[in-house]
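The structure that follows is given in the form of structure tokens.
Chain naming follows the written order as A, B, C and D, and within any one chain the residues start at number 1.
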Amino acid sequence: MITAGVDIGAKYVKIVFFDGGKVIGRAKALIGFDVAKSASDLFESALKNADIKRNNIKKVVATGLNRESIHSKPPVNAEDVVSEVVADAVGAFHLVPTAKTVIDVGAEEGRGVKIGEGGKVKDFVINERCAAGAGTFIETMARALEVKVEDMGPLSLKSTQAIPMNAQCCVFAESEVVTLIHSKVPKEDISKAIHDAIASRISSMVLRVGVEKDVVLVGGVALNPGFLPPLKKELNADIIVPEYPEYVSALGAAIIAAKG
Amino acid sequence: MIAEIFQTFRNSIDNRHAYAKEWKERTKGKVVGYFCTYVPEEILYAARILPVRILGSHEPPTVTEPYIFAMFCHLCRDSLAQGLKGKFDYLDGIVEGQACLHLRQAFNAWRLHIPIEYTHYIYVPHGVQTPHAIPYLTHELAKFKQTLERWTGKKITDSDLDRGIAILNKNRELMRKIYDYRKLDNPKITGLETMEMVLSSQMIDKEEHNKLLEQLLQELPNRKLNRNTGIRLMIIGSENDDRTFMKNVEDLGATFVIDEHCTGSRYLWSDVQPQQDRLKAIATRYVQRVPCPSKDWPEFTRIKHAVDLAREFKAQGALVIQNKFCDPHGIEIPPLREALKSVGISTYPLEFDVTVPWGQFRTRVEAFLETLTGLEELF
Amino acid sequence: MAKQVKAYPTEPLKCWDEAKTLRKNYYEDYLNAHNKGGIRWAGGAWTFSAIPAGLGTDVYFITGEPYGATIAFYKDFAAKCHDATEAAGFPRTLCAYMRNYWGAILLDKFILADGSVVDGYPAPDFIWQDHICCSHGKWYQVVKWLEKKKGKEVPMYCIDVSVGYSLEPSEPLEEYKKNYLIQQLNDGIDWLEKVTGRKYNDKLLCEAVWNEIRSTSLWAEICALNQAIPAPLDEKTMYSLYVMGTLMKHRPECVDFYEKLKEETRDRVKRGIAAVPHERFRVITDTQPPWGFLKIFREMEKYGVVSLGSLYTFGLIGMWEYKPDGTWIPKPLPPKKPKTREQALRAIVEWTLNKSEWAHFYRPELKTKMMKSIVDQWRANAVLLHYNRGCEGLSVHIAENRLGLLEAGIQVFPFEGNMGDEREFDLAGTLGRLTAFFESMGLKKIVE
Amino acid sequence: MAEEKTQEYWRWPEYRYTVPGKDWHNAKSVTVGVDIGSVGSKAVVIVDGELYAYSVMRTGGVSEDTAIRVTNWALEGTGLKMANINYVVGTGYGRVNVPFAKKTITEIACHARGAHYIYGPTVRTVLDIGGQDCKAIRCDEKGKVLSFLMNDKCAAGTGRGLEVFADLISVPIADLGKVSLSVEQEPPSVSNTCVIFAKAESLALLRQGWPKEKVAAAYHAAMADRIVDLLTRVGVEKDFVTTGGVSKNAGIIQRVEKLLGIKALTPKMDPILAGAIGAALFAQALYEKELGLR
């Protein structure tokens, strides 16, 4: 029985096709202005690539910030929606059955989910406004440093120096970064300071729900190698990053669909 | 010699924890941490307990999120963070003298989450402008004294209290004498040095501190600071231990000649006047001292005091520091700036958070200094 | 879905219009006090408002927090007020009610209960305040300062109440603490005579004190009726009812209104009338709500969620106490009505220092205990904690309360916002998180 | 974080210019002002107190290099060599990183002085909207600063905020202002505080199907609100003028004018240069001081 999970976040739409406990297809695309269209276009192309017909899919469940955009609306007609918190929990639990804490860091939003028996949500926290914009912050700062976004993480790993920086507010942090640039601090160290700041912001948020092992990190920022070390340090816990971390919510939605 | 004394001040700040541990070793005595300068250290000295001020480290206090909502000031969060990180693991007790909700929160979180033998909260009255505050505080201090006696198992006698009062009075008096050298056209001590002197007095045994101060007072008269005084600045705020900021500003061609905050003059401006009833004498000092704005109503007496200081020390301008989220001080900023302006002292406001973006502040401070000199000759 | 969830009968409150009229007249009476030859004063909702009542029957007043909340409710005027306050150089992080209040003075405008704004801020003849948090005394000190800049000298009296809270019935507050307050009130009466040139009337004082004790006890009884399933009142409605106690707790109108309301609520319980038709998940909140966004309660109803109230709505005006068996009940009236000034002052001090909403200022454990009692006795399924950036006083220790409730195995949903500054409330984000919470509680939308 | 390649809407053009028909060879003084901002850097050459040549480019990751590049570019084709320059003053965030500057002066003083040069002696209030902050400056008839204010954190995010926004709605940054003015009716402005909120809210509006220009209008209106708050705090006195890169954005300036009920003077030359011009004029004064001419 094939099911599908569609995660429509702030920046990307991600799709997972799920069958017999296995992922049989993934797809990802940037979201344009017309969310519903971006989502359904990707859904159609993903169906083609995976060579699946919509009516062979028993159930489609949507999640993410903009999940309602395809909820029982053609062409996708997602039968049901689920919050990203629940989707994160279910998806992470499927990949890492020992998971107790799930951390999801995306372009705009950071989440911490504490999970119990069978991937059930025990408690969760989502960043409030003043701690928003983790991914976006890295992008803007990459521009200021004249560094490619994807190079930011590796660059930060070359640094040996720790520079404390305002962890809460991106705007505040940005002006500290500009100060660092002009006081000739090496890009490596600045890049580290940026990653440290985001890591400490995320960890201080996650500490609200408490950190129980195993800790699983998912979401786009999980692919950034510069983010992991400081986060480990802040939480002082090992962190498991599953394969395709950015698809975990979509996977969760697909699994929920399979459970009927 | 002088250099060594200032070095000792700096060391006792940088190595405050090592110092306290060593002191315990040496004296087998108890160390008590306090958050606010409304804690009457006289009584702790009377009990032969070493009081040390709990302050922050200016690193993002990420561990406090579960215990204190981040809209409370960085001082209370940063202070608690130090406790949670175990930096103060040598403390036998903590005491708070009521001043604001922020520090009360740090006190309670500490009490609830950090193992500690003795905790006490003194309900220092806010109504310091009412005639009933002194008798009321006398009662509160008696209670405080009692709990200490119960804890240490030693009675605190009048002569103990006299000793405590003498140590504190001497410490404050000596520091005030040193403040006088800031009035000179070429001050013999910088704002940074002064801050380090006052901070260290809150961290080490005041009897040792007093010795250092006496030496300093001998040497100071023939000290030559080989630096330009530049613009005479005042710094006004709540708690301020940002030494980097002080240094950076003084490097821009200015000297802090006076301050009005509780890690500066506000801590040491008045003494305990002897009275038969020692506790009443102490209570009187804490009710009549330069107030924290949280207690300074309905009249703005602190603002008047700040204006007097600015004139007495011939400040040309004042930086008004607001610790973000500190309501009592934030509320007073416009009346304070207006009062200083009315006597021809211009001011500039800066909002401090746990970290400070010097680049932005540098522009503001430098530009403020430029408006004071006017860059006259270039127009 | 809807058919699977049974719907309770609902009907509007009968005394609703009276509540509206009382509020309307309250603001207008203050505005027009002088035309009626009366005097007017300003101070906080927590202040000892019964004391100035001894100056006569033509004494009008306005309390600061409800006024700040009224401004917040009308977002456009609120925005003008924040801007005016920031333009005057005050930090944006200060108490939001206070900034709204100052803003109105700076704009020289006055807002009425219905949101209509009139020119000219009606300056009080004197200020009568108490200093309950870091800001309350300072708030009116600045009002005095602002009025002086406009050329009006407003005398101010402020009472220090920072003596702590009786932790256990076994350890009541010491006499010297109560006396500290009583002495300040005694001086206050002489001061009132001096600044108004009026003769003080102890009989009126005793009446006002007794009214205040009755109305605050009555409000608690009304809240206690909300233990019923379905709940006869929801918090959104209660906001419009408890407000009477924040405006005029010592007035006879307030006592009469609460008497009527108690009868009507009791009748709703008897007949099983619900506030929310699909009630199936009961919550309580905490601290003042974001006044400009009460629609979040409507969103909650779509999930069959009803808010029964909060320690804030119950305990700011209501007087409570613990029975020996550990249940939390409305505080019974004192044995006898005060007859002398001395009796009256002692009675009101002892009564007021017991205010439930005061405990958390000093010790988080006390508030957590009361919230746990509410959850148990009112049969609530979860607690929604408003981390209120607009109010240091009620947000103090809130993170500790969250930990305490979680430890007790109670479901907690914290959300950040601001009671009086719409710029700090993220409606979309909050609704998103709230939905996620309800889903994690196994709830689904019943009505679109 | 793999990024799909998208057009760089935020990238604004770099340029240089030499005022035609001027000669520096027998000038009394040739001075340079270098303004290293947080986003843009500018170099201006002043010959006997007259604008001669200038260049504008993005501030790079290493401000020394930027300082050298932008200055060399300004000198390009003028025949001027560093050796011909009598005095250099650095200003802006990176002012301390201008290796060949004899003195640094803050952008506050320089913008006031530059505005005085660009707009004339009637200027009393200068609004400088820079890359990462916004300054409201009061000055006298000589262009001397009387008082000033800069935005607080919660109201930050100006030039850089616009870059992010340009990407968000995929409109070249130079066209943003125009686009924002192309609405028939002004929508309610987005959260008028934090640039991060403002961006998130704009995104939400786009997702709700608002047309780009309407979202742009809401965003620009919010920036205008912020800026006017700052101006009212310092107090606006006529004549009112604007400097800095963002002052070319009509969408913001016209809204600010509307809120203030005051029209800003129209610049005789590129207002992004104000800081560098001021610096160059201070350099001239400092040079004359060296020569004992003042």
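Brief remarks follow.
Methods note: contacts are C-beta pairs under 8 Å (C-beta built on N, C-alpha and C of every residue); 3 or more make two chains touch, one makes a residue touch a chain.
These numbers were taken from a predicted model, which means no experiment stands behind them.
The chains touching subunit B as well as subunit C are A, D.
In this structure, the chain pairs C-D and A-B differ in their number of contacting C-beta pairs, and the larger number is found at A-B. Each chain gets a centre from the mean of its Cα atoms; for subunit C and subunit D, those two points are 49 Å apart. With centres taken as mean Cα positions, subunit B sits 45 Å from subunit A.
Subunit A and subunit C have Cα centroids lying 41 Å from one another. A straight line joining the Cα centres of subunit A and subunit D is 37 Å long.
Chain contacts: subunit B has residues 65-66, 351, 353, 359-360 touching two or more partner chains. Of all residues in subunit C, those that touch two or more other chains are 89, 387, 424, 426, 429.
Counting partner chains per residue, subunit A has residues 129-130, 172, 175, 178-179, 182-183, 208 touching two or more of them.
In terms of which chains touch, the assembly is arranged so that all chains touch all other chains. By the touch rule above, subunit D contacts subunit B in their complex via residues 93, 105-109, 133, 142-148, 150, 152-153, 282, 285-286, 289, 294. By the touch rule above, subunit D contacts subunit A in their complex via residues 1-4, 6, 10, 36, 38-39, 60-64, 93-94, 96-97, 132-133, 153-154, 156-157, 160, 163-164, 194-197, 199-200, 203, 206-207, 209, 212. Subunit A meets subunit B in the complex at residues 130, 164-168, 172, 175-176, 178-180, 182-183, 197, 200-201, 203-205, 207-208, 210, 234. Listing the residues of subunit B that touch subunit D in their complex gives 346, 351, 353, 359-360, 363-364, 366-367, 370-371, 374-375, 377-379. By the touch criterion given at the top, residues 65-69, 71-72, 98, 100-102, 104-105, 108-109, 112, 121, 123, 125-127, 130-133, 135-136, 139, 293-294, 297-298, 300, 322, 324-325, 327-328, 330-335, 337, 349, 351 of subunit B touch subunit C in their complex.
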